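To keep things simple, chains are lettered A, B, C, D, E, F, G, H, I and J as they appear, and every chain counts its residues starting from 1.
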Amino acid sequence: MLFHVEMTVNLPPDMDSAKAASLKAEEKAMAQRLQREGIWRHLWRIAGRYANVSIFDVESPAQLHDLLSQLPLFPYMDVQARALCRHPSSIHDDDR
Amino acid sequence: MLFHVEMTVNLPPDMDSAKAASLKAEEKAMAQRLQREGIWRHLWRIAGRYANVSIFDVESPAQLHDLLSQLPLFPYMDVQARALCRHPSSIHDDDR
Amino acid sequence: MLFHVEMTVNLPPDMDSAKAASLKAEEKAMAQRLQREGIWRHLWRIAGRYANVSIFDVESPAQLHDLLSQLPLFPYMDVQARALCRHPSSIHDDDR
Amino acid sequence: MLFHVEMTVNLPPDMDSAKAASLKAEEKAMAQRLQREGIWRHLWRIAGRYANVSIFDVESPAQLHDLLSQLPLFPYMDVQARALCRHPSSIHDDDR
Amino acid sequence: MLFHVEMTVNLPPDMDSAKAASLKAEEKAMAQRLQREGIWRHLWRIAGRYANVSIFDVESPAQLHDLLSQLPLFPYMDVQARALCRHPSSIHDDDR
Amino acid sequence: MLFHVEMTVNLPPDMDSAKAASLKAEEKAMAQRLQREGIWRHLWRIAGRYANVSIFDVESPAQLHDLLSQLPLFPYMDVQARALCRHPSSIHDDDR
Amino acid sequence: MLFHVEMTVNLPPDMDSAKAASLKAEEKAMAQRLQREGIWRHLWRIAGRYANVSIFDVESPAQLHDLLSQLPLFPYMDVQARALCRHPSSIHDDDR
Amino acid sequence: MLFHVEMTVNLPPDMDSAKAASLKAEEKAMAQRLQREGIWRHLWRIAGRYANVSIFDVESPAQLHDLLSQLPLFPYMDVQARALCRHPSSIHDDDR
Amino acid sequence: MLFHVEMTVNLPPDMDSAKAASLKAEEKAMAQRLQREGIWRHLWRIAGRYANVSIFDVESPAQLHDLLSQLPLFPYMDVQARALCRHPSSIHDDDR
Amino acid sequence: MLFHVEMTVNLPPDMDSAKAASLKAEEKAMAQRLQREGIWRHLWRIAGRYANVSIFDVESPAQLHDLLSQLPLFPYMDVQARALCRHPSSIHDDDR
């Protein structure tokens, strides 16, 4: 099932730069692994903000929560997740 | 360029049912034409609400506005549009 | 899967009383049928408001949306749906 | 009487990990004790957020407040409590 | 138990004046009866607004809801109810 | 004249516990003195929150401000004060 | 005592123009009478909005409420009133 | 002096189309006259909304208010005006 | 021209008391100088809050900004400024 | 294409003054370079706030994001970007 997830990242500006770089690298690795697995289906940057809009394709709300809460930047994020469903006017088979 | 568009529809509950059906049919036809043309790239229903989340792929903000404002349900909608850009962690070529 | 749904009803105060009574009776019948089927798992009134908090147990976000949008009072409701998942501290097997 | 309680936890990301683990363990123990006593009737995680929705069955608002304010994570929580009452369409005897 | 109730009245300015007067008279009668019965313990006007702050002393959230929803002006009100409990610094026996 | 005052306390969770205890003891002493003097007429805890709803009976807005700003916890509070006046439906002489 | 009052007027655009003109003329007459009496001490237009910021000098919150609720446009207004008091840095004797 | 003005237009969807067309034509004529006079310095559409962002160059807040309140669509608009001033980093002489 | 300015001060509760006293003394001195010069025309305390409502009479938005941003407490303030203009119902010549 | 960007700067009041001065100088240099290049088309201060309203003329949302996120003060900013398009009533060729 699909979820629309919006993540806003609030890193403290005075965070140690090595720690920040490390967190971001781990975040990127996990995000790319989940994309390769077909779970993190889309990932876009919102222009002008340290934030993204994502589409997740998961087996359950529990799987969604587990994945999001394991993200290295999760403790610094505000996350909003909303369930999506097929729109009656959609012609795309995978806009489930 | 991509835009994230969220549309919430507020049809008056006492609208004439024939008029409502006609508006919805015209809306659906235009939405499907724009999907076939590759402009309205994704269209999802937000579970539990008369609202959708959409991704538009347009040539300019002007094209986006022209299309949205020509939707038959536009006078009844609250619309929020935000520009998207490629996320540095995305591995999908078309998550531009 | 479980969803937390909050519905606020905004009936126009001057609605024809027969129509209002009819809508409410149909709403009640559908709500009770869905409770008997185990889908509408909990239904509580929020004290002081024409609103409820409900727990739905559905097979998909699509099923949730279909059911909610078929409620006779749906055109008069503001609805917020959020996906729930099992809490690591829960001891109740059915607080999935 | 029943209360709908929504708790959002805001632990500082840089909290000492041993202290955080200790607080969470104490929180879990108290939550499970209150569930066994029938007071904390339901406990669900909101997917994607460090937050829960709970149903408390207490003897008074005072008891509710005492319990919530004794939670080890209470100083880090934003809590919203709303009184529930039986919905006229409910068929469940314990949705009081 | 005590509830803090805030009611904001939104009468349509073009309501028939006889109907408005009748509704207000019935509202006043019911409010005064509930005060005499000790249920509607306090009733204050918020200066400058067609709104009040009230303290209700009821046996249950269900009683509170029944009373509020029977108020003649209820269909025109926005109502917020919050449960109160004794404050540890209070010296007044009836600020329960 | 009467004021409806809502105070929400935001003590830092890591405040030195002796300092916190001292501030709370001084706050309680001042609150009880003002209650004995008839100025702080009512004091209730909002169930589930480190917050109170109070009714002050003061000679002027200046007196209200002086008292509130001298509260030991004032620097940690968010305070909202609204003037009350007699409601035309009140039957209580002291709901002035 | 002084109150800071902000009034936003929401006249229906399709109100009968003679009725609107009449309401506005009565409003103006009452506003000017109250200014002459020293009660409505200041009256400013907020640039760009059908709204005003006013300073009232009244004997009590009750007087404030009586005056505001008698304004011909009151049924069409959103009103916010806040009590003012002398600022310790003020050098103006009448900024009480 | 410069003002940043944001106007959102809320025309009723069922307004008579001839009346709507007439209002819009008058609005356009006045907007273009003010642009030619150098007063309405910039006028942009916000993509996806029936709204605009404008920069006005006026002699006083009073002139701004007079112009805005004379716009034919003013009764249907929500308007927010904020004063601008020269930014210390600006290199444009007319970004006063 | 007149501006309505609302300033809310957020001093950290643990600020060094000598530094706080010094900042406040400088703020007071500057506020009183500007009052004597006729620029800071009114200054009121909002009852119950560490906040003020002020009326400034300045030559331009630039002068307003320069003065506000030079206030010693400016880095700790949330400031909202709105331009005022003469109200057609005002009888006071200096309510410009 | 044009974007309307509003930036609010939240520098910690206790930031080292040399560091703050350095950040501001770098910010100014980059802002002026982008103005000279025709990208940062307008830059205004919002009177009374440490905030600006800007108009950017960029080739893509990606370019906008890259520029904004490279601003030295970006980690301390809240940024809102909205796409603009030509208004049908505009007479200015470059109000694209």
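The criterion applied here is as follows: a contact is a pair of C-beta atoms (placed from the backbone, for glycine too) under 8 Å apart; a residue touches a chain by one contact, two chains touch by 3 or more.
Fair warning: this is a prediction, and the values are worked out from it, not measured in the lab.
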| item | value |
| --- | --- |
| Starting at subunit E, fewest touch steps before arriving at subunit I | 2 |
| Partner chains that subunit D and subunit J have in common | A |
| Shortest chain-hopping distance from subunit A out to subunit J | 1 |
| Contact-pair overlap exceeding half with A-J, pair selected from C-E, E-F or C-D | C-E |
| Chain of greatest Cα-centre distance to subunit D | H |
| Same or different contact residues where subunit J meets its copy subunit I, judged by the half mark | different |
| Where subunit G and subunit H are represented by their mean Cα positions, the distance between them in whole Å | 27 |
| Intercentroid distance (Cα basis), subunit G paired with subunit C, Å | 44 |
| Per-residue multi-chain contacts in subunit A, two or more chains | 2-3, 45, 47-48, 61-62, 64-65, 81-86 |
| Chain-to-chain touches, reported pairwise for every pair that qualifies | A-B, A-C, A-D, A-J, B-C, B-H, B-J, C-D, C-E, D-E, D-F, E-F, E-G, F-G, F-I, G-H, G-I, H-I, H-J, I-J |
| Contacting residues of subunit C [partner subunit E, same complex] | 11, 13, 45, 47-50 |
| Interfacial residue positions of subunit F with respect to subunit I in the complex | 3, 5, 61-62, 64-65, 68-69, 75-76, 79-81 |
| Contacting residues of subunit C [partner subunit D, same complex] | 2, 4, 27-28, 31-32, 35-36, 42-48, 52-53, 55, 82-92, 95 |
| Contact set on subunit A toward subunit C in their complex | 1-3, 60-62, 64-65, 81-86, 96 |
